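Notes for the one structure printed next.
Note that the chains take the letters A, B, C and D in the order they are written out, and that residue 1 is the start of every chain.
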């Protein structure tokens, strides 16, 4: 492992055009010096940040991801940054399920007049990530292990099921679902976590089967879940026609991905 | 005159409190307690006693280094002049140099009854008349000969001036009953004595019927030009001899013998900053064949004062200023320091005689009045 | 699409970039990137010379993508896009990489790191550029009407100017009467004209102008839309009315800080300048020993700014007192006098001539006010002065109205740290907001005197007249588009879009969402939330962003 | 009647006024005396209070203005005569010969490279030289070279004995065939409905403040010279160094305020921007070299614009800038050509001296010398300072209807104020030509 002192974290940043990127510009013209570890991608609004982007960053072995938007209430697009909260909240859960310290993901607010704050946020986050060490260090796991989880998380983030629940959060909290039930933040979190748990498992299973046909037992061992639960997911996948029974390992059937069907990834 | 009147007359209220005056003041550099700006500011806020009972009221050289550059155009020397009159009313006198001899003499001269032997210096070669349109104002030089224990050079300058005028075909009127112009009285606050002297001089000049007066002393010149009009009528053209010479040289040229000297020129405050005459003396020097003129670090408008004026308050600070000026002159590599004020010459020579006691730097340099330099160059051939 | 040919132009920006990182090395590196066929460095890419190099590059190397690596896209993108267009390249195929604000200026003492970061950013830029697609400009019509918020001297002046050019104006004023701050002033400096004489004719002119409609006692309830097509909901008398307008001008002014708790302020013996104005107007000033304390509540840690107008206001009122009773003693206690320019400096000189005396105090040793007197240490005199007074006047700063924040939110425009409105660019766009079609003038932006306010008001009118006279405006083609094959018509996008710029419509395939281009502002919330990943943000699509991430991460 | 507008002066004010009107669909004739638009702002290195690079933010506007379909830019031209009245003015413009065909010139710089004749570089405030064949500055708009007939060997030296011109290098090397020694001055007549004057300012020559030793001492420079010295496209390539032969990098710099301003002997008024530009210049110095310590000598810090107080606070806190309340009395020089500053620190009431490496004089800004001529041509009145006279309640209206003034030619102001006024003048002109 790198010596902690020599470790220069690699950080991916997203800034919205109107506030935080303008704040970065102001830091620039004001010559406020900060750590050169962050690479910024400019987007129009922090609400544009798909959790898949965050996961992609970690998959590409970034040590931290930082999303900066306008202060709440100041969003150039009115509510974009509230949606960003939802999205980053989701991304954070995905990271946790992937075994990644969610401290590696930052959502913060910098206005167009806060050059000093921009440089502060960047510097502080860089130092926090430096303290965590390279991706995997704080997690106590090899990147290859994390990579598997992250690939599952990526598929989850891009999957219809989680996206639907995540996108509905605002509506569910304010207007309720089609039955008029309004959800609390806590209830929504539980709902989200449930979906993530299921979807992560499903996607992990799919990833495993992509390597080679496996029995439920093998799969359960590999992803550390009780076999009955794995069986449930596999059955569902079979019903959807995504998975076929391929062979037998003794008494246990081995399952494989159906050849002509590509899993959405 | 009240303090408020002085503020109005000198436009003290325009003070920007910027400190340029004090930064430029030669006295303030050696006497940290002395600040023209604070002096003015005290006046603006009505602290009259801080003015009249202030020893430093008499430290001012009235050299105009401050006011000539004052962004608010406050006339500080005039302020000092008037404030000294206020102080005198309150019984405050400054410490006068040479035990106040010069001032006493002036007061003596203001007595109409006093009789003087003013023309004893007039030697055979020099010609004066009683009929000329032009008068030469001698000033106090005849007295200076007797006051100082060193050669002041003052009377030589008078003689040289006369020689120059004669050479130019002028036999001027020189009045035997001329009195001190009153310069020192005015600037020490003794307005009454000044007025008496001015009235006396105005009267005798009127009687003499002259049309033009030439001065070799810048103080007399300034006093006649700037101060007399406020008290008396002098209906004459006034000219400093350097102006006279510059005109002559420009018109016909003068036939000079070669002058093998490297000189530097010290602008007297009265001639320079008070009256704006910088170029004429330099033109005169430049007209002398063979001469080399080098300028000191501070010249013309920035010229340093010789350290004392109106023979008031000549203290260690004055001496330091003088030494600095002499060092500047020496730094130019010149062999002669030319000035055109008898008092500057006296103060410089005085500084050089004192140098032994103070074990200061070597400040020895030949000091000469412009008129002596010119008169010498005119040579014997022209001097009948 | 044919082969991608990228040209990269790396700018030294004089020494702004070139002084802090190795520009030639960065250009050399750019040349090695995939799809990059040409790269060069320029001293100033934005100069005529630099621009013609871009044009030449496009021509000579048959470029179909252009990357400029220089400063921030927020100021220079339009220029470079135009140059691309002039060279026959669709401007959407231009990509901007910021290596100045993001690199050279913020990592000045870390040359290597800054150089590396610049390379990384260009690599990401090239990755995105490879995926850029040409877009067509979108034009929308402009509603030929201006809405002005605020009926003070600024708003009145803007209204008259725009109306005189021939456009309808709606003027919204929250007070019952028009006139703003000037209604509370007595005389104006340096002209000494009565404020009423200045404001009244303008109010009359506005009232009588056939093209101007005034809404008194009214507030802006909500603002929707975009440049050329704003819907502003005005609330007056409990009624609401929606006004369609092409442009909006913010001229809401500011107010005097009430110095509660400062220098024994009581509104009687210790008053503010504006209270003094009222007394002067009523002829009710009998005080003959007056001290004015400047910077009362300004240039202090909690309010650091200088309010610009108070020095002159104080001097003007001091002169008025002195004219009224020449024997009066008036002292002005100041920190730094702001009599900038020609007339104010002359006014200061005149006031000194009249006998008004100035005392400089410092923040660390401020004056103290007690009954009948002010004690102040005159810094420049080096002594404490005890001033006997029968009136103390505090010059307090102008502060933003408390409702400025709310209005800013409705307009989606920013405030600066003191809660004044923040313009698009402090130097070159003082009257514009970053949001197109909204402008500002007068004290809403910063304390300004009447002359400056009028100039700004005229200027804001000019800025607003541009879209109005043009009749249409160009919308950036950063809008969403829906893949009708993927869309399931769930309506999530319609629900989330803050501009109602995307909606579900019945089609022959069933319900499908589609974008209302003129309304779309390009935030991308729809795209990041679509369960089917059916929505693409032009110029910020998933593939492009993912490519940028991948490129940034590549070592 | 004409719906075109004449703008006189191509600095930031003239550019902004032109752009506003052109964007409104009016045709604009912009007449600029120098060979390029850009004005004083083009000569600045950075701008306060954001330290934005001046040319960086100006260049796009210059290009926009030049390329706009509704503008006609006449550089190296002067207004000679104006007749008529609001709505219908007839203007005669003298377009001076550049001796380079603008249509052919590519601005490649080959002629400049090879021209053997040197001339003082006025864009760089006379620091350094340029050639007789030259581009006014690197970012000049239009990017067209010209030949300075005062310094051109061919035009000054006449023919050789055998009747041949003495030089023609530029013509020989110009691949575009753009050099045209026979080019003549041209008179152009324009018909416009309104006129906007935006002629800007000149820096006041501080030589008459003899106590500051400008021109006598090499290491005493003006603020405009300093801007060029610290600018990357300036004569030293942005390397801040002394002008004395030792070439040393300065470590202490004194900025002197109110040089020829707020001074009854020179200009009575406050130039309004010096406190801030000096603060900026001091910040920039420290940015160039963190060891640099700057001293700003002032009377009142005039920092009343948006963000100015905070800027000054940062200069003190982060950039090693010390503010001393004093108007400097005198500048002398020591044996090492170091300026020695004499001043009274008015807060401590002590007379002090300070030896520094470089002095920068924040000189007053005065109306351009040709303001008087232009006032005569336009029949507009000037105020006592020779700024175009306007009134506080009609801040861009001159004394002649249809003629407006904006920017520094109307009175001291900073860039945003000039820009605001320029837009104001555009609005007033639009009222006439709409």
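In this section, a contact is a pair of C-beta atoms (placed from the backbone, for glycine too) under 8 Å apart; a residue touches a chain by one contact, two chains touch by 3 or more.
Since this is a predicted model, take the numbers as computed values, not measurements.
**Q** Which one of the chains is closest to the middle, using the mean of its C-alpha atoms?
**A** Of all chains shown, the one whose C-alpha centre lies nearest the global C-alpha mean is D.
**Q** Farthest chain from chain D, comparing Cα centres?
**A** Centre of mass proxy via C-alpha means gives A as farthest from chain D.
**Q** Report which interface contains more C-beta contacts, comparing A-D against B-D.
**A** Higher contact count goes to B-D.
**Q** Taking each chain's centre as the mean of its CA atoms, how far is chain A from chain D in angstrom?
**A** Computed value for the inter-centroid distance: 55 Å.
**Q** Taking each chain's centre as the mean position of its Cα atoms, how many Å separate chain B from chain D?
**A** Each chain reduced to its C-alpha mean, chain B and chain D end up 46 Å apart.
**Q** Just the number, please: Cα centre separation of chain A and chain C in whole Å.
**A** That pair's centroid distance is 36 Å.
**Q** Per the centroid of Cα atoms for each chain, what is the distance between chain C and chain D, given in Å?
**A** Centre separation, chain C to chain D: 26 Å.
**Q** Could you list which residues of chain C touch at least two other chains?
**A** If we look for residues of chain C contacting two or more partner chains, we find 108, 349, 380, 382, 416.
**Q** Touching at least two other chains at once: which residues of chain B meet that condition?
**A** Within chain B, the residues that touch at least two other chains are 14, 17, 37-38.
**Q** For chain A, give me the residues that contact two or more of the other chains.
**A** As it turns out, chain A has residues touching two or more other chains at 29, 31.
**Q** Which of the chains touch, listed as pairs?
**A** A-C, A-D, B-C, B-D, C-D
**Q** In the complex of these two chains, what residues of chain B are touching chain D?
**A** 14, 16-25, 28-29, 32, 35, 37-38, 69-73, 297, 300-302
**Q** Applying the document's contact rule, which stretches of chain D touch chain C when the two form their complex?
**A** Against chain C, the touching part of chain D is residues 12, 16, 20, 23-25, 47, 49-50, 52-53, 55-64, 66-67, 106-107, 138-143, 231-233, 237-238, 262, 268-270, 272, 287, 300-310, 313, 325, 346-347, 349, 383, 385, 387, 391-396, 411-413, 415-417, 419-428, 430-431, 434.
**Q** So in the complex, the part of chain B that touches chain C is made up of which residues?
**A** So the residues of chain B in touch with chain C come to 13-14, 17, 37-38, 41-42, 44-45.
**Q** Which residues of chain D touch chain A once you look at their complex with the stated criterion?
**A** On the chain D side, the touching residues are 50-52, 287, 314.
**Q** Applying the document's contact rule, which stretches of chain A touch chain C when the two form their complex?
**A** Spelled out, the residues of chain A in touch with chain C are 10, 12, 17-19, 21-22, 24-25, 27-29, 31-34, 36, 39-45, 47-50, 52-53, 56-57, 60-62, 73-80, 83, 87, 111-113, 119, 158, 160, 163-164, 166-168, 170-171.
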